[in-house]
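First chain written, first letter: the chains are A, B, C and D, and each begins at residue 1.
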Amino acid sequence: MTSTFGEKLRISIFGQSHGDAIGVTIEGLPAGEEICMEELYAFLQRRAPGKNDMSTTRKEADMPRFLSGIMDGKTAGAPLCAIIENTSQRSKDYEKLADIPRPGHADYTARLRYGEDVDMRGGGHFSGRLTAPLCIAGGIAKQILARRGIHVGAHIAQIGGVHDAAFDPVHVSTADFEKVLSNFIPVLDAQQGEAMHEAVLAARNDLDSVGGQVECAIIGMPKGLGDPMFDGVENRIARAVYGIPAVKALEFGAGTAYAAMHGSEANDPFYMDGEDVKTSTNNCGGVLGGITNGMPIVFRATFKPTPSIAKPQKSVSLSNKQDVTLEIHGRHDPCIVQRAVPVVEAAAACVMLDMILSSDK
Amino acid sequence: MTSTFGEKLRISIFGQSHGDAIGVTIEGLPAGEEICMEELYAFLQRRAPGKNDMSTTRKEADMPRFLSGIMDGKTAGAPLCAIIENTSQRSKDYEKLADIPRPGHADYTARLRYGEDVDMRGGGHFSGRLTAPLCIAGGIAKQILARRGIHVGAHIAQIGGVHDAAFDPVHVSTADFEKVLSNFIPVLDAQQGEAMHEAVLAARNDLDSVGGQVECAIIGMPKGLGDPMFDGVENRIARAVYGIPAVKALEFGAGTAYAAMHGSEANDPFYMDGEDVKTSTNNCGGVLGGITNGMPIVFRATFKPTPSIAKPQKSVSLSNKQDVTLEIHGRHDPCIVQRAVPVVEAAAACVMLDMILSSDK
Amino acid sequence: MTSTFGEKLRISIFGQSHGDAIGVTIEGLPAGEEICMEELYAFLQRRAPGKNDMSTTRKEADMPRFLSGIMDGKTAGAPLCAIIENTSQRSKDYEKLADIPRPGHADYTARLRYGEDVDMRGGGHFSGRLTAPLCIAGGIAKQILARRGIHVGAHIAQIGGVHDAAFDPVHVSTADFEKVLSNFIPVLDAQQGEAMHEAVLAARNDLDSVGGQVECAIIGMPKGLGDPMFDGVENRIARAVYGIPAVKALEFGAGTAYAAMHGSEANDPFYMDGEDVKTSTNNCGGVLGGITNGMPIVFRATFKPTPSIAKPQKSVSLSNKQDVTLEIHGRHDPCIVQRAVPVVEAAAACVMLDMILSSDK
Amino acid sequence: MTSTFGEKLRISIFGQSHGDAIGVTIEGLPAGEEICMEELYAFLQRRAPGKNDMSTTRKEADMPRFLSGIMDGKTAGAPLCAIIENTSQRSKDYEKLADIPRPGHADYTARLRYGEDVDMRGGGHFSGRLTAPLCIAGGIAKQILARRGIHVGAHIAQIGGVHDAAFDPVHVSTADFEKVLSNFIPVLDAQQGEAMHEAVLAARNDLDSVGGQVECAIIGMPKGLGDPMFDGVENRIARAVYGIPAVKALEFGAGTAYAAMHGSEANDPFYMDGEDVKTSTNNCGGVLGGITNGMPIVFRATFKPTPSIAKPQKSVSLSNKQDVTLEIHGRHDPCIVQRAVPVVEAAAACVMLDMILSSDK
């Protein structure tokens, strides 16, 4: 497992779904940065399960415990470690799952990779639950970034066939981020949010699940950050975001739409805005040659449907080497996208802060 | 610049478009591996410009020179360095470009990042020309992989609005790869290739360019490779592929289509194929939890249209801080996608070989 | 802070001396390895303070708590996190220390590096206490290595002017390691140990401290491991061992004595021992060209005297910018070397296991 | 092979002794830095063989060729690659050496590590010749550092039993560095240099070789640089310096002498020098807790005697599995220490520049 990313800011995630605790160590945080626990708590709540009928009814512990790296509410120059104790595990189905891998899950590949002793209870280290410590790191990074005028926001761009309005890639602002947070679910267009809600409930009623897409924007990043060829903005975000379970596609700016475009519409024209160089469109998503150009950084991550569904599915018994039919019971999210929104923000925030700390400028 | 990727197999690319030479150093190649120069040459030719009316008429030197790392035609246990001497540079337009950044290029961001002394003649280190040394590394990796029964192939999935047939994600085979190479341009469906050809010529006649998409498949990879959470298959491929200039989107398996799917159709059912566990569909693109499951690895990369177009474009004079109109002359590819196909294969091959060498199994 | 080392086995240490807890995360442990808690406890006890009159009377908590990475007493394929809760801090002298840096300590440089908010209570993250989590990792690594026939042992080579007998670099065996552990303090020659004991007590009575040297040997490592030029055995051990507070010199094999030798005596002659190639001397300490040659790996680390001494010392007030005289009270080790022996073993064991896991052979 | 070191400034060395060329790629150099080729040439000459009767009579090509990374004499923001073509190889003895490993060389371990196809002609990638590209990187780093008021100098501290005067660890200055360069061989005390000269000639006449020690000092480094626990100044220097062939010991400040010292003499007292905090002694070699304290950084590296000696030596035939007697003919350095002085400076300069570029301050 290399559950670590970042260059100067190194985020390292540990824990299994049904272990004693999950947590994160963060190396490289600047010292003397205040951490507002209320703000962090509010951020973690956005990821927490059980808030509405679109997510699992499982409960999670409220707040992380900080073991190191802070003193008097400020970062202390030493690596920070924060943990969340596990309290609400139910492992009874484990025996069966160890033999019959759940389609779409890492059950089978984890056994191939780590052998029979791998802890896959509740998904083990592959569980979506491991995004909670990522959110601790991201929540802290967001606070530090905000003090530097950098803001990260995201919304549900799509669930099933229902699309939200997109961020305006040129003018996206903190007002948009606030609007997203004011809605029942994190969307720009509340009506579309309602349609998404119905799509999720329909899937749940059908013992099924549904996928979706999250769009994220970062505003205020300094110009000129990024290390081409392989440590540019896209490479770094990709490494982090593809670490979020269920992400299967990642696009920057116009993304896949670029394939059908001509250069004359795709190229973002430069113009002078007073003393400042800007572009009048932002198809590139704020990144040229892997380096920030001062426009908002915009990307989208596609999540596959939650693989845990109650519908009967075809699988195999690894011990008997026979085809079998599997029914998964338990409390699962019919759609993970709602809860994934802050996780994407967290990953982006960690990468942005790392880029700032790693800059040799 | 961190123009290096890989863990055990470290690929490091150097050179500027108009410098003395471009090249690559490769650390970690196993010793005693034969390198067939003819096969390597044929592979590099697939990326070379000037082959048909879809690409630039610029010429490039034929073959790399190997400075180190080989002896008697075999890898020698030491880092390999191979270079391509630059012979055909024309730098006359450089002065203007230094002041007036080309839309869609890294001209502006490179100056922000590295200052006024950065060498951006012909795109400098950001030039698509730097994919030639990547292909040297990838061509070598492909040969070593093939000896282990692992094959990497790609084709143009889309140019402009024209789509090729897709690889069958379950049954894609070396026969498909051979078919692609037998066509006028690297597609599965020759008729669609002809339509792409026309789309590119139309763009060129319109002093414009056009984007596209490359689909890549890897067959024969061992099961159980990949290091979650942040060094899984997707993370590693993403870091390499986003290092190819102009890539703006990357999808694995069903990719963005997952957003509209239900779990019951998205999950790939397991079944026993004799003693072997397989899946009857392959929406996940051969990767679950970041780890190979033995099915073909399938991904798609979207390329933006070549930013160098002859049509007048809006830009700014950085010295005068004024809006200006820019016309770019010279020999440019109206569509880079054709030449990008082997580059994507090269990146994938390097990542696959690295994963094999890095495995602690 | 980059409190992390290792390639495949990544050891990451967190905590401050007077924080809530100190701990370690370990990525890359093979799954299914049993961890014998009794054996680990016994190993940690060798580092624990308060055992005899040569060390501080401070007490430390007995056993680490494992938060993740194990299941049913075996490694579970996920990152392991183990912590030791802090219970016995006394921070009263902190205010003064923040202003008046202790000579020989990191007080001054830590403030330069991290600013005024750095937590330096009790030495903060720089405290020798942080070697406890390193010993957790090392103790686990030692158990895994032992199962593969690889053994790590160390002893006090010198305290003050008193020298122990040296390991026989050719024939050092587990019997030597056992002998070391059977003595009052970890030495080969009990009489010399007694003399060391007296030297330490004399220093303590003089309100002073004394330095020393630890010699470490590793037997049973496979031949042919190590990655020259900069990831050879020496480079890797150096990176880890120089991370132990107070280490200021590191030598392999004949070490500094090489400077006065001639090649004809320095070169270790090869000979056949049955089918096996061995050397009749082992001046090189088991490493040629950065790669193991199958002979015991032998190195020595020199520790400076504990900088905390009760004698009055010259320092400065950073706030007043004046010279001052500082008297440090509290419970300190008059000599750290005794307790450093298992720490050196721990660092070596982590490096050896990492080399085995990182090998692409 | 991981022939790369550095974090922001990445130095990667390639080549085999008898390959086409040896060279170095350098990532992360700041753009716009002038490289004075004459100064670089003069620096490389200090390492070059054939200057006096203390070194081999082999000749090496004069100047490196720069393939990339510079434009108009300045660094250009892209990775720099510089090579030295090999012209003077004599490989006739290769067949024998492949079967009969030379004692003290990497012949045997390289075969264990890389197999029979490893290129070990003339020592291959393990040859001392590979320190030439390190000196290219170091010579460039020295120029960039000097512009920032940072100077790196070294001298022979010992050859055989003969010792030079030591650098004054508190007051060492560029005048000392100049004095060293003005002598016949790089020493502070010309008379001791003469005695060293005699020791080397005596060894040569005896068909033997002799070891020694190099002392290096760095003055002018900013305070507060270094990343504990495992990326402090000592760890970083150790990783680089142990990459120089034949280095077997490394000490900082008082080094091994610390073992016999008491804390009251070992601790460096702080005092105010006007507004500046200094220490009146410098036993710690300018580093506390892995972080620079503003005093000169001082370290010593011990080199084993050149293993290539003309005296008959005991070895084995790997094919026959028999003990044999080996006589090595050819042109070898009876003492490598003289030529190692600039190499140590080069390694130190690269590390210092990397630390400055990597600093997040």
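Note that in this section contacts are C-beta pairs under 8 Å (C-beta built on N, C-alpha and C of every residue); 3 or more make two chains touch, one makes a residue touch a chain.
Because the structure is predicted, anything quoted here is derived from the model rather than measured.
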Required minimum of steps from chain A to chain C, each step between chains that touch: 1
Pair of chains joined by more contacts [C-beta pairs], A-D or C-D: C-D
Centre distance in Å when chain A and chain D are each reduced to the mean of their C-alpha atoms: 46
Rounded Å distance, chain C centre to chain D centre (Cα mean): 27
Overlap residues in chain B, where contacts from two or more other chains coincide: 1-4, 13, 28, 110, 113, 125
Residue numbers on chain A that touch chain C, as the complex places them: 1-4, 10, 12-16, 19-23, 25, 27-28, 31-32, 65-69, 71, 74-81, 83, 110, 113-119, 121, 124-125
Touch list for chain C against partner chain D, complex: 1-5, 13, 101, 103-106, 108-110, 112-113, 125-126, 130, 158-161, 203, 206, 208-213, 223-232, 234-235, 238-240, 242-243, 245, 247-256, 258-264, 266-272, 275, 277, 279-280, 283-285, 287-293, 302-309, 311, 313-316, 318, 321-323, 361
Touching residues on chain C, where the partner in the complex is chain B: 8, 28, 30, 357-358, 360
